[in-house]
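Input: one structure, supplied below.
Chain lettering (A, B, C, D and E) follows the sequence in which the chains are written, and residue indices restart at 1 in each chain.
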Amino acid sequence: MSGVEPMFPSPSSGAHVNAVHDPFHGDLLEVSMGPHHPSTHGVFRMMVTLDGETIVKLKPVFGYLHRNHEKLGENTSYLGSMPYTDRLDYLNSMTNNWAYALAVEKLAGQPVPERAEYLRVILAELTRLLNHVCLAGFLLQDTGASGTPLMYAFREREKILDLFESLSGSRMMCNYQRFGGCRVDASPEWLAGAQTITNNFGRFLDEYEELITGNEIMMARTQGVGALTPELAISAGITGPMLRATGVNYDLRKVDAYGVYSRFDFRVPLGDHGDTYDRYMIRILEMRESIKILQQALPALPAGPIMDPKAKIRGFRPKAGEAYGRIEGPKGEIGFYLISDGSPNPYRYRVRPPSLVNLTVLEDMCLGQTIADAVIILGSVDIVLGEVDR
Amino acid sequence: MLGSGLLQGLKVTAKNLVGSFHDPERLTTLEYPEQKAKLPENYRNFPFLVSENATDPMGTLRCVGCQICEKECPPQCIYIEKSKDKKPDATGKMQVYPVVFDIDTSVCMSCQICVEVCPFEAIKMDQVFEIATKDRFTALLLDRNQLAKPNSYYHEIHPTEAAEVDARLLAERKAAEEKAKAAATPKPAVAPTPSPTATAPKPPEAPAAGGTPAP
Amino acid sequence: MIGATSFSPLLLAAGAGADSFLERLPLVIRDTVAGVFPAPLQWLVGSTLSIVAIVAIFGGIFAGLTLVERKMLGRIQNRPGPNRTGPMGLLQPIADGIKALTKEDIVPRSADHLLHYLAPVALLAFSILTFAVIPFGRNLVPLELDAAVLYFFAAGAASELAIFMAGWASRNKFSLLAAMRALAQLISYELPLLLSFVPIIMLAGTLSMTGIIDAQAGWQLGFIPRWYIFTPWGFAAFVIFLIAALAESNRSPFDLPEAESELIAGHLTEYSGFKYALFFMAEYFGMIALSGMAITLFLGGWRAPLPFLEFIPSYAWFGAKLLVLLLFFIWIRGTFPRLRIDQLTRLAWKFLVPLALVNLGTAAFWSLTSGWSGALQLVRWALTIAMVIGPFVLLGRGLSGTHRPRTYRYA
Amino acid sequence: MMETLEQVRDRLLARFPGGEVTLIANPGPAAQHSLALGLNQAAAMALFLRDDPDLRLDYCSNVTGVDWPEKEIVESTKVTVPDPAGGPAKVVEQKTKRIQPGYLEVVYHLYSMALKHGPVIVRLRTGNRHDQVTVPSFTPVWRSCEFQEREVFDLFGVKFSDHPDLRRILMWDEFTAHPMRKDYVEPDDYEWEPTPHGTVLEKAKAHYPATAVAAPTAAVGAAHHTPAAAAVTTAAPVVRSDTGLETRATPAPKEGTP
Amino acid sequence: MTDAARPEPTEPAPGAHLVTEAERDELRRHGILLTKLEEIVNLGRSKSVWPLQFGLACCAIEMIAASMARFDIARFGSEVFRPSPRQADLLIVSGTVTKKMAPQVVRLWNQMPEPKYCIAMGACAISGGPFKQGYNVLKGIDRFIPVDVYIPGCPPRPEALLHGLLQLQEQIRTQKSSGPNVARHLRPGDRCDYAVPEFGERDLEPPANPAVWQAPSIVRNEKA
């Protein structure tokens, strides 16, 4: 077989490194920032080989939260898998639901009424606010601010969670969308609540940026740390804010224009250096764009049914075939690839996890940095283990 | 100037520190055991079985043991065992009832798919979440007696939804009675058209075969 | 001079001024207790009394400080903090103490048992030693030493050894990394800490604490006290001293040895139960000692800020200033993220040490031109301020380098 | 916009005369058809797909493993049988049973970030499901396949030749089976679960001798239950194969609803 | 409080014959607090339970939300989430314990100093929850370590976690240091190192720790 010369070879291979004993440099210290570590956002493990404090090699180890999502998906009906998608990326259940519903609608050719499309956009943008605010809070927690930015972020998150709870019934596990629409209609009070939250979210962001963005220590810790080149990002399949931070203009809301995104005008912020500071700032700017979308979508919500009348809840058997549906989740492109053989259970149920693919370049970004930077770079990649290990 | 960003940060935390003494926006704590949050109406935790009245909850369960929720439940935490004999339900029709109806709350993921697929409005989502216990096997496996709760309790926790459900059930019972009257009076004239079963055809399609016995 | 006379008759009953009853209370207590014992023992009883007083009072302040820290951090973060143990959470430190006391004490099998045991003891001993020379009040100076400042920093500097001992003895990779970081940080911040108060020794002319406090006596223009902080070079030295004190006591922007997010619990990873509580106590004692030192050097020790407030006893003023400084430490902890180890050392060597050296020159200029009066006074002030701000801006630009908020393009 | 799949196939065949590229239609309404590439020149073809100026598929979004086990296909063909007694030839239906050989398949969804156009789906199929399971790795062409190919190796057992670091990614290293295959048998660790169903109940009961007496105390009044009719998975006889791997004959997929 | 949580009627403690309960109430009315060392130690321990900073899955996000401004676990004295197991005395198992993670969880439990407690938060930690049929999911953490409080829910609300913490504080406050149902860490047979499972070819070896996990047997009434 003609061995192809890789354009971007992966820096190292194999789980461990043979101990190098160098009289001048001393030993290489192999540290396992293991499944239990304060800032690995869950059960993620990095086998780090240190020369003093600088990283010589970093091998991520996955699988500590592999909950067999795809095997369960094959043994449950299409509707039965919807609540499982909430537990994929357990910070953004609405966008997971939407991605799965989109893929099944594409598989079965199921139309969706107008009001449901608008509701889906509103809820997806609220989820994006939720995710980016949490990211900024956790990133500051990793740099060492003792919880204050995280507390402010969660104060705003609680308001949005109240919205989700009053609409879908559960704070984090909404299980809200069905194939062909949504489950519960949004009452006028709920829409008024969403409007007030969107209005004063901008004020909260200004105060939040005042605390963080200008902070010299924050800038010193994140600027120039974990830089990523656009070409490597594209080849490594990086998507979401992490890709746009390197300057590549690829946002599925503009590229695929799925749902009714083509009716709203919003801009896509792009960074130049692709380092941790850019990834943080791109998410802050994307939050401001999401507020703009919400302010356009909330008043324009049309009346009408939220569920396509011909949509079936039980006994849903899409015709044999396959479909790959994807949306721009807060962490990147989340996609569902379904192969149906006509039976009520999918034959193959595959989730395309943005967090796992974004981790491909973790080692490239961390080589040569110190262990304190590796923690922040991992924080800026924004992974959630439920989605990484599925 | 070097320290300006740091000073701005200090200003924000100072505003929050001072604000927490007078501005409710800056002190958002809900002192849990004393102040309890008012749960939104749609909130759902674990399911419960609706019974017509509080006097005899076991006797007037709406559930007819059709086992649709048991098949549809993704984590399969419901276990139903049908009875051999029949007993009259609210509309007086002879229906099977569940002898055993177990829900294992240590497996249930409160996704309310059982509520969605139940054609008899027999199972609804409860709002009790303070059920931390010391022993796992007896306290977390709720059986029929612990699950059955009266319709009045359902009105208490989900007022608007309960009102809708009752209106729909009332309309069906009226329709069923007229049909029974119509079928009873002109006996020879028209063969009783296979009217839709007396179930509440919530989703438009026919209930699963084998589930509810034909009238 | 204006305010002093009109108030004093009103407060004569309390015996305002230097010899009021409250002021002489500590001496009275000491004499009565020592009087019971025969003469040769009286010196010994007096010193044990002051030792017991220091450990008891500052042990209480430590307990209270843990509660104040958790409640103030809570208030910064929009939450009330512990308020269910006892009225308003006041019994929380006692509960923590009981739990820490009755905790099992685990020593890892592969650890070096002697060093693992000695580390907290050494750290606490060194930090308590530094309390011997801090003047808490007019008659509350535990030990009158001529070279008190020298003694203070000699005792304080030994805590690095104890932290490294803890990190090395635990034979745990994370605590080893933390021990290395602790050494780098504490040694590189020893220099700015010492350099920042050399001008004060130069102007006060003495190394003894009471001498320095006497040099800050009196008031300018009627109500501004002659504390060193109110001179331009004094303020710069105070800021450098505070930053270095934060680093010496491993507090927030510089808590690299015990960096939760990177090194699990730093050099404390293998300590449990009461040994961990000892480390906790030693860290707080170090913080209290350094802020006590800052008060003595820059904020006029136990002196009252305004002439007519002299009637309040001197140790109350020391306590008030101590509380203000400690709240400032907690406020800093609630706001700032952590520096990286190379930025931390670069800040010390390339920013604080040069600034402290330039500050020596400014202080020298200030003391030589003390004779100027009238219009020359303004020139003197302007020149000193310029000599402080100039290097700060130049070195600051060099330090922050390319770190500036960026602008972003939109597609 | 992007040229149709047929044009891509033809250009591939023109460019690589030796290789085989077949177009596989997708019967579903999504109509996302795909190209099956021959294994011998797959890596070169992938390089072409990435570097071709008007395709520029520089982003490999998704790598999926699919397991197609042996399937018994029953074909009924109309055969005219001459009547031995010289009567008119009768047309009789003959059912021929054919075992369609099983294979493992790896599906790549390729997109272009430069030209922003839609998915080109590429499929690689292995020889069979037991020994010929090697497939050329696309990691040298697209770096994003590295972890996803490791996952396909871990869960399906497809070996990728010249993959930089082919190790198990999700399961622990000592694990030997490939869990996402259709004929995988889960380990039997259901000792006692309050509401087991069907096969889970049989497995759980196997752990307890029939004479189990002690009724669980207190609240559970109603005695427990016999195995319910609602068999969730039709339990097929467990055949112990020589490789020590318990394989079931043909496990019917668990029925969501009848 | 549900009846299961209220402590069973305590039989008289050894020193009870000296002072009866009525006399203690009478003294308390006069401002004299009479107590035993055991009660003070238990009260101190229950009011300062430091959880380990250890989150597995979605329930960890609800645990973090419980420590944030709106629900504020600090009021109960437990906002100090200690990263190192040596300084923690409560292990909140919040999320799905997979078989690859089970040895690590047991090792963490062994490293914690002795008066330690365990809360199984969420359906996955209690019994594998919605992922029970997965091949890589441990069917509940009480197969390897003893659990004090089970909090059902998927994920349980932050208030439910606080309710569980109150239950645990109640249990700690009523712990006995002697007599038949003595606290777990004082029991003579209590070994501080629980068996850490190894990774086998198809499953963990052993699949459950017999010392900790005794599954009640299934009773099948054949007649129904």
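FYI, contacts are C-beta pairs under 8 Å (C-beta built on N, C-alpha and C of every residue); 3 or more make two chains touch, one makes a residue touch a chain.
Predicted, not measured: the structure shown is a model, and the values here were computed from it.
The chains that touch subunit A as well as subunit C are B, E. Of all chains shown, A has the CA centroid lying nearest to the centroid of every protein CA atom. Looking at which of A-B and A-D shares more C-beta pairs in contact, the answer is the pair A-D.
Relative to the C-alpha centre of subunit C, the farthest chain centre belongs to D. Subunit B and subunit D have Cα centroids separated by 38 Å.
Averaging C-alpha coordinates per chain places the centre of subunit B 31 Å away from that of subunit E.
Centre-to-centre separation between subunit B and subunit C, using Cα means, comes to 61 Å. For subunit A, the set of residues that touch two or more other chains comprises 38, 63, 66, 68, 71-72, 75-77, 79-80, 83-84, 87, 148, 151-152, 155, 158, 173, 211, 214-219, 314-315, 389.
Residue positions 53, 68-70, 72, 75, 83, 100, 127, 130-133, 135-136, 154, 157, 216, 224 of subunit E are each in touch with at least two other chains. For subunit D, the set of residues touching two or more other chains reads 170-172, 179, 193, 216, 224-226, 255-257. Remark: subunit B residues 1-3, 6, 9-10, 12-14, 16-17, 20-21, 26-29, 31 touch subunit C in the complex.
In the complex of the two chains, the subunit B residues touching subunit E come out as 28-33, 36-37, 45-46, 74-76, 81, 99-100, 104-110, 129-140.
Touching subunit B in their complex are the following residues of subunit C: 72, 75-80, 331-332, 334-336, 392-393, 396-397, 399-400.
By the touch criterion given at the top, residues 170-177, 179, 184, 186-187, 189-193, 200, 204-205, 208, 212-216, 223-226 of subunit D touch subunit E in their complex. Taken together, the subunit A residues at the contact with subunit D in this complex read 1-10, 13-15, 62-63, 66, 68, 70-71, 74-80, 106-109, 232, 234-239, 248, 250, 255, 314-315, 318-324, 326, 333, 335, 337, 339-340, 343-345, 347-348, 350, 352, 356-357, 359-361, 389-390.
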